[in-house]
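Got a structure for you, written out below as structure tokens; questions coming shortly.
Chain naming follows the written order as A, B, C and D, and within any one chain the residues start at number 1.
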Amino acid sequence: MLLDLWTIVLVSMGVVFFLAGTVGLLRFPDALSRLHALTKADNLGLGLVVIGLLPRLTGIADGAKMIFVWLLVMLSGACLAQLVAHLIRQSGDFKP
Amino acid sequence: MTEFLLGSACAILVVVAVGLVRLLRGPGEADRMMAVQLLGTGSTAVMLIFGAVIRQPAVIDVALIVALLSAFAGLAFVRGISPNSGGGDE
Amino acid sequence: MTGATLHGLAAAILIGLGVFGLIAHASPLRKILAFNIVGSGVFLLAGALARRGAEAGFGGDPVLHAILITGIVVAFSATAMATAMLLRLRSVTDRTTLAETPPRHDADPPA
Amino acid sequence: MTAWLDSAALILLIGLAAWVVLGRNTFAAVAGFIAYGMLLGLVWVELQGIDVAMTEAAIGGGLTGALMIGAARRLKSAAPVAPATAGTLVIAIGVGAAMAAILAACVLALPNPAPSLASLVAGNIAATGVQNPITAVLLAFRSMDTLLEAVVLLLALIAVWSLAPDAEWPGRIGVPQTANPNGILAYIARVLPPIGLVIGFYIFWAGADQPGGKFQAATILAAMWLLIISAGLGKTPPVSSRWLRAGLIAGPIGFILVGAYGVASTGAFLGLPAAYAKPLIVTIEIALLPTLTLILALLIPPPLRKRAEA
């Protein structure tokens, strides 16, 4: 029962962070702040969903794999964000 | 519990779909890239939730592949649209 | 309406959209993209058939699934070959379409 | 509730397909296509085709996306082609709508109960020694298809090679790519491939008993190799390289040898004697992995020299 509560709370928070990421992506005025909103929110959203789902899994290995998916998304997200930011600076679409 | 998980999966999918407006509007290629990235992360989350619902641990492996290959496609995309990434053909 | 029927109907729409793009676009690259949409729609339709054939503890008909995996890989190789032909066309003729174009004036031989 | 999730994913999928088909800007269409490929992975999970989900996400989204971006980049400077005339558009709408309507009618008229080979597979899978039904079909029940597929891939690569400019032949096709060695691209191209290698071999190894297998693993390995090449940390091998050619034919040759052993032991080409079925299946998979990896990576056209392009 407590574990169900854990899942409900964390997955719901994850949904909220995905919502925050989308709102930021749509509403922020310039590309760099949109990037900032996106990279923070979606990684956190996925992370909360992963942590929330952990008690639903049967094996330790599955849990480890799931956390690994999150780490992988964070790593590639961070690197992509750098490259995208570089691209935005080259195209001149930012206000310091 | 199943209802709750499926509901949150739906919610994430809808939220991410709204974010795809950036894919339509742009204005820059970077914005389109970001919308695709949001969709990649969102569909990974939905996939993991759905995998927990149908109790099929192999879905985590699919998520692993999606995470890896979307990083690859994203890198290729950034390289493809940047004007001077040293692609050799300029 | 079962999930399989829903997926089948969506696949029909995808195929229709792809066929539209295949005819409507003059640019070969967009034709190749549209063709890939048709391809994924066909695979999805077969997936709906496989889901309907779920029995004996499997989530879908494994024979269809296996053939689909083969199909996806072969479709990729066909896409790669079409792209290679397009790029070669560009480098040889400096054009990206097979459509008839009016003769170029600067290439006219002196009369 | 599942129906809601199915519908949401399918509506999004159709919307993305419409964007890919209708969008004006080619790069935007390609971005939509990558998103479409990722979403297809989710839709296939919903259809309980886990193996297909892996393949579609890896090849449909990842590899085909990279292929299309490369082509769009090289064609960026090309002269725009004339837009379709009103007549063509009318025909396109008519044919597309008719096709969708006929297929939808067929879907609604499908027979009940649906024909299925699932119970046949379930009844005979024990003889193969593997537990993943897809692997059993690919490498035992319908292994001729898989053998011919490997040959088709090889022929496709030969066709792509034969389209390379004469000046490039028989050396390395395309220029070696460069990137700032201290840049972020070079960083990720150093960090990601070892991770990808582990994931690739894990998916390959899991393929005998769980969803996974050589196609998915080969796609991952090919993507990692392409990442290394695109960051300037490695080069495409020359076409004349002996190890490359050995790798390219290893799969078909290994497959045919196992098939010939089948003739000797069971009297049928590709027949697998029950006692050795699993070791033979694993042998074919190990032989196919390098072939598929090399072919999938080399099918992606590299950037060419300026002179060859003009």
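Criterion: contacts are C-beta pairs under 8 Å (C-beta built on N, C-alpha and C of every residue); 3 or more make two chains touch, one makes a residue touch a chain.
Here the structure is a predicted model, which is why all the values come from computation and not from measurement.
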| item | value |
| --- | --- |
| For chain C, the least number of touch steps when starting out from chain A | 2 |
| Chain at maximum distance from chain C, centres defined as averaged CA atoms | A |
| Averaged-CA centre spacing for the pair chain D and chain C, given as whole angstrom | 14 |
| Intercentroid distance (Cα basis), chain C paired with chain B, Å | 22 |
| Centre distance in Å when chain B and chain D are each reduced to the mean of their C-alpha atoms | 19 |
| Residues of chain D touching at least two other chains | 2, 30, 46, 48, 50, 63, 72, 74, 185, 188, 192, 195, 304, 309 |
| Multi-chain contact residues (two or more partners), chain C | none |
| Junction residues of chain B - those touching two or more other chains | 29, 33, 35, 40, 61, 64, 68, 70-71, 74-75, 79, 81 |
| Pairs of chains satisfying the touch condition | A-B, A-D, B-D, C-D |
| Chain A partner contacts - residues on chain B that touch it in the complex | 1, 4-5, 8, 11-12, 15-16, 18-19, 21-22, 27-31, 33-35, 37-38, 40-42, 44-45, 48-49, 52, 55, 57, 60-61, 63-64, 67-68, 70-71, 74-75, 78-79, 81-84 |
| In the complex, chain A residues that touch chain B | 4, 7-8, 11-12, 14-15, 18-19, 21-22, 25-26, 31, 34-35, 38, 42-43, 45-46, 49-50, 53, 56-59, 62, 65-66, 68-69, 72-73, 75-77, 79-80, 83-84, 86-88, 90-91, 93 |
| Footprint of chain D on chain A - complex, ascending | 72, 75-76, 79, 82-83, 86 |
| Partner chain B, residues of chain D touching it in the complex | 1-2, 4-5, 8-9, 12, 15-16, 19, 27-28, 30-32, 34-35, 37-39, 41-42, 45-46, 48, 50, 53-54, 57-58, 61-63, 65-66, 69-70, 72-74, 174-180, 185, 188, 192, 195-196, 199, 202-203, 206, 210-212, 216, 219-220, 223-224, 226-227, 230, 232, 302-306, 309 |
| For the chain D and chain C complex, residues of the former touching the latter | 2-3, 6-7, 10, 13-14, 17-18, 20-22, 26, 29-30, 33, 36, 40, 43-44, 46-52, 55-56, 59-60, 63-64, 67-68, 71-72, 74-75, 78-79, 81-84, 88-89, 91-93, 95-97, 99-101, 103-104, 106-108, 110, 114-119, 121-123, 133-134, 136-138, 141-142, 145-146, 149, 152-153, 156-157, 159-160, 163, 165, 213, 215, 292, 295-296, 299-301, 304, 308-310 |
